[in-house]
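Each chain gets a letter, A, B and C, in the order it is written, and its residues are counted from 1.
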Amino acid sequence: MRKHTRAALLCVAAGMATALTLTACAAGKGGGANSDAAAAPGKDDKITLTVWSNYADREYEEVTKALKTFNKKFPNIEIKHEGSQDDDKITAGIRSGNTPDVALSFTTDNIGQFCSSGAFQPLKPYLDRDKVDLGQISPAVRDYTEYKGNRCAMPMLTDVYAMYYNTGMMSEAGISAPPKTLDELFEDTKKLTKKAPNGDIEVAGYLPTMGFYANRPTILAPSFGAEWATPDGKSALSTSPGFTEMMTFQKKLVDFYGYEALERFRAGLGQEYSADHAFHQGKIAIMMDGEYRTAFLKAQAPQIKFGTAPFPTWKPADYGTAFTTGTIMGIPKGAKHPGAAWELIKHLSFDTDTIVGLSNAIKNVPSTKAAMDSPKLEVDEQFRTFIDLAKSDKLKGNPVTPIGDAHIKAVTDFAVAYTSGKVPDLAAGLKEVDKNIDDQVAKSGK
Amino acid sequence: MTATLTKPPVDVSTEPEQPKKPRDTRGILTWVATHALGLVLGLMFATPVLFVFLTAVMSDDQAFTSDLWPREWHWNNFIGVFDKAPLFQYLFNSLTYSLLATAGMLISSIPAAYALAKLKWRGRNVAFLLVIGAMMLPPQVVAVPLYDTWSSLGLTGTLVPLIAPYFLFDAFSIFLLRQFMLTIPQSYVDAARVDGCSEFQALVRIIVPMAKPGIAATALFCFLFTWNDYFGPLLYTGEVKEQWTLSLALATFKGMHIVQWNSAMAVTFLTMIPAIILFIFAQKSFVKGITFTGVKG
Amino acid sequence: MTATLGARPAPGRGRARARHRLTVLGFMTPAIIGFVLFFGYPLVATVVFSFTKYDLINAPEFAGLDNYAFMFKDPLFTKAIQNTLWFVVVLTFARTVFALGVASVIARLKSGVGLIRTLCYLPSLAPPVAATLVFFMVLRPNGGPFATVLGWFGLDSPLWFSDPSWAKPGITAIMLWISGDLMIIILAAILDVPQEQYEAAELDGAGPIRRWWHVTLPTISPVLLFGIVNSVILALQLFTQAVVAGSAGSGSADSTGSTKYLGFPDNSTLTFPVYLYTQGFRYFDMGYAAAMATVLFVISFAVTIVLVQRMRKGSAAEEGGPGA
């Protein structure tokens, strides 16, 4: 027995030693952080730039086309675009030293982590060296591409969120203009909702349920004037009146429908990423969604006549505000050609024709003022709303945290609990969520 | 003793119990009840798979809506997916992964299962515990240190990290094979030893033929698990599209805000076809039960 | 002779024993190597990570017991454990009994066996994400086939993946539907039961049900216990189906099984592996995820030991039993 025990202990010790060594090696891989701007490639340099993104199918084709426009400036650089790479892959790549030169991510929620951990290289040296004018990009969009003053990403197009309304149903209900305030929204909801004789909901004016489709607290926050953080960086859910109003408004709507009936109705609605979307089917009259929905509606549900407008706000002075987020581009730690990578990012961030072309192709909002003003930009009546909102100074960007989307989940969970009647004391409840979020941020140590 | 043992195992094809023609009412009722139940079960199981097929032939707009029956039958969806993704390449990779992994599993797991089932040695119980314990660690967490190791060996972007482990250790298969081998009467093994076989010969000549149903079942599961494995290939071959398996092809049919459900379901259905064919052939192996006549005297 | 049945007869004892050991070693070597590489090493690494702060990008920093301390403060941790334990109890029982039931029925079929068998196995051939999504469609409360059938009896369909109380039963239903693999294993074992045991029981006057209870079940018990352990492990590692069901329930189903809203509805589908994955790969806190994994492993291993003890009792009876 003693022989076996000793052998076993030796094995464990060897295992631990190996484990620690290998992990330390792997974790430390990917090269050191660069504090200097790497030189731009020469006109004749033959390099292969690897770009990873999560695009697939048709959007992948369009983005590849846009990437290739880079060759006008650098004809000898070959761009290899790998699609269907999500953030997990990017992180794994950085750990293993097998990173792309440019990473495109859909998840702005990870920017806090990417910037603070060095996963995306700081871009300040490049911005300073090339004297880049960030003024082309609106402050809200700049907000969601940096963390605590450390800019590690640039936006590639943006998404802006606003209200969609079914014009046919509006005129049927005798509503002459889309609502501008929450009170109007509530009244209009009541008028637009249709119920069957047995009480089942057939059409919902506005579906409030948090977490459903694009009803995310981050997207709704600007309309309520809700602030996510206090000046000293703590979670502000209980102190910002906007959040209390958000919850109260939610509950008012849910109570109007009846929680059970609303859930039953909602469970039967189509999926967000299908042609069965409730708005396409005329089952909801008003909703919040991003600018991309215009293209889908035109293609999949031409029979639905719709209009777009800024989402109603709590305080009239806030009207014209909107939420923005979008795809981000960064240079991952350990990229082999950071200089060339920066040139590509710069090109995609500021080259007006490229941005306009891509915007027309995948129907996202351009990220620079110049592109938004370009006559080549295809803007129809419904899309114009989003462009105007993107230019406004009331635009609000996705709040950046080091805890991914944990804060969004915490608020969504709370909203569901509150609207289903499980939370007796709203203020106390919000305080608890604040504490939870603060704990998580503290845990992340960033 | 020897005479009984060298009697070849009786091959009972298809039905296990000798059918007694149900002449009495009770028998007929039982027959009807059992078969009705069987039919209901079969339909219940098959219906959702039917929906995969039905969704696959729907138009872009109708796919994944609440409609159950296609308005139009877009048979060319099945052809269309081949244009959108190099499915034959993916098929080849899937076959490589699954076939090699299954082969590796058989080579490494059968002896280990036998050692755990039929050989006596100190530490056997601990070893068995460890085998089961190995299945208890969440794969997502195991992946991190393993991925780092494979990347320092430069083998990410290939199917090697997926296939290699099967040539050494597959806890599920070892466990399952052990359980099947346990049902083989010890007497066969002992008699073989008395006859002078080495353990290896006993394993190959006696145990493996007897455990054929179990081995066939285990091989089938290994194949199917690797066939439908999504996260493994995603992690290790994700950035090298030429190495993608069929399961990853599903990632091709979505955009940022839209999913092409009909194409995704078409690929799903096509992915299932080789598996179904394999199953139809393989089930003959383990349904053909081998009845032990036991050892008398 | 009977007492030492199973042990090698040993004249020249030392040499024979050495040969025996060598044989065992030969048979087990690949498994041992694989075990150390693919399990031992990751396990040790995981435990080591659990005492660190590790964001997957930079080297891990020592953090003592911070991760474990946070578990007590974390409401989602508690919810995740509750959800997974629910599955361990309910899914294990349901899956084993269901697979046993279906296999028993198929074993008795005289005609159309091959067809029914294939139909019952079909779902487990489907890729997990697709299988879950399709089943989600089947269970849809408004107009789905299941709801329609219920409607014939005048019953309202439960809201399944939109109702916190029904989401886990819904996932269980999905897992039952894809339990074809266990069903086939049990079927193979049922078919392996020696014919004469049935004959003997029939002579004793046992009807089909008593024969099933007294002959079939005991004989296939090693495989049944495999089914239980397998179902427990499945429940402990339930990930894909939970994520996909939650994503579909929240209205944003994706063909690749990712989700915008975890644990929908109301964290009822937040299983332990899902939460662990989120912490490690979405919130970049691998240290905490590793701590969670360690906890899961310890609990699971304890459960394993209990189950294996039972199995050893079962198989000890086996080896001394019929056929000896």
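Note that a contact is a pair of C-beta atoms (placed from the backbone, for glycine too) under 8 Å apart; a residue touches a chain by one contact, two chains touch by 3 or more.
Worth saying up front: this structure is predicted, and the values here are computed from it rather than measured.
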Which of A-B and A-C has more C-beta pairs touching across its chains: A-C
With centres defined as CA means, the chain nearest the overall centre is C
State, to the nearest whole Å, the distance from the C-alpha centre of chain B to the C-alpha centre of chain C. 15
Find the geometric centre of each of chain A and chain B from their Cα atoms only, then give the gap between the two centres in Å, rounded to an integer. 40
Taking each chain's centre as the mean of its CA atoms, chain A sits from chain C at a distance in Å of 36
Where does chain C touch two or more other chains at once, residue-wise? 41, 45, 49, 56, 140, 142-143, 253-254, 281
Do you know which chain B residues sit against two or more other chains? 64, 66, 145, 149, 251, 253-254, 259-261
Two-or-more-chain contact residues of chain A, please, as numbers and ranges. 19, 22-23, 27, 88, 95, 268, 270-274
Partner chain B, residues of chain A touching it in the complex: 4, 19, 22-23, 25-27, 29, 52, 54-59, 82-85, 88-89, 92-93, 95-98, 100, 106, 268, 270-276, 290, 292-293, 296, 300, 327, 362
Residue ranges of chain B in contact with chain C within the complex: 12, 14-19, 30-31, 34-35, 37-39, 41-49, 51-52, 55, 64, 66, 68, 107-109, 111-112, 114-115, 118-121, 125, 127-142, 144-146, 149, 165, 167-172, 174-176, 179-180, 182-183, 185-187, 189-190, 193-194, 198-200, 203, 213-214, 217, 220-221, 224, 228, 230, 247, 250-251, 253-254, 259-261, 264-265, 268, 271-272, 275-276, 279-280, 283, 286-287, 289-295
Quick check: in the complex, which residue numbers of chain C touch chain A? 36, 40-41, 44-45, 48-49, 53-60, 66, 70, 73-75, 140-143, 159-163, 248-254, 258, 260-267, 278, 281-285, 288
Contacting residues of chain B [partner chain A, same complex]: 60-66, 84, 122-123, 145, 147-149, 151-152, 156-157, 234-235, 238-239, 241, 248, 251-261
Chain C residues touching chain B in their complex are 5-9, 20-21, 23-24, 26-28, 30-35, 37-39, 41-43, 45-46, 49, 56, 102, 105-131, 134-135, 137-138, 140, 142-145, 177, 180-181, 184-185, 187-196, 198, 208, 219-220, 222-223, 225-226, 229-230, 233, 236-237, 239-240, 253-257, 272-273, 276-277, 280-281, 286, 289-290, 293, 296-297, 300-301, 304-305, 307-308, 312, 315, 318-319, 322-324
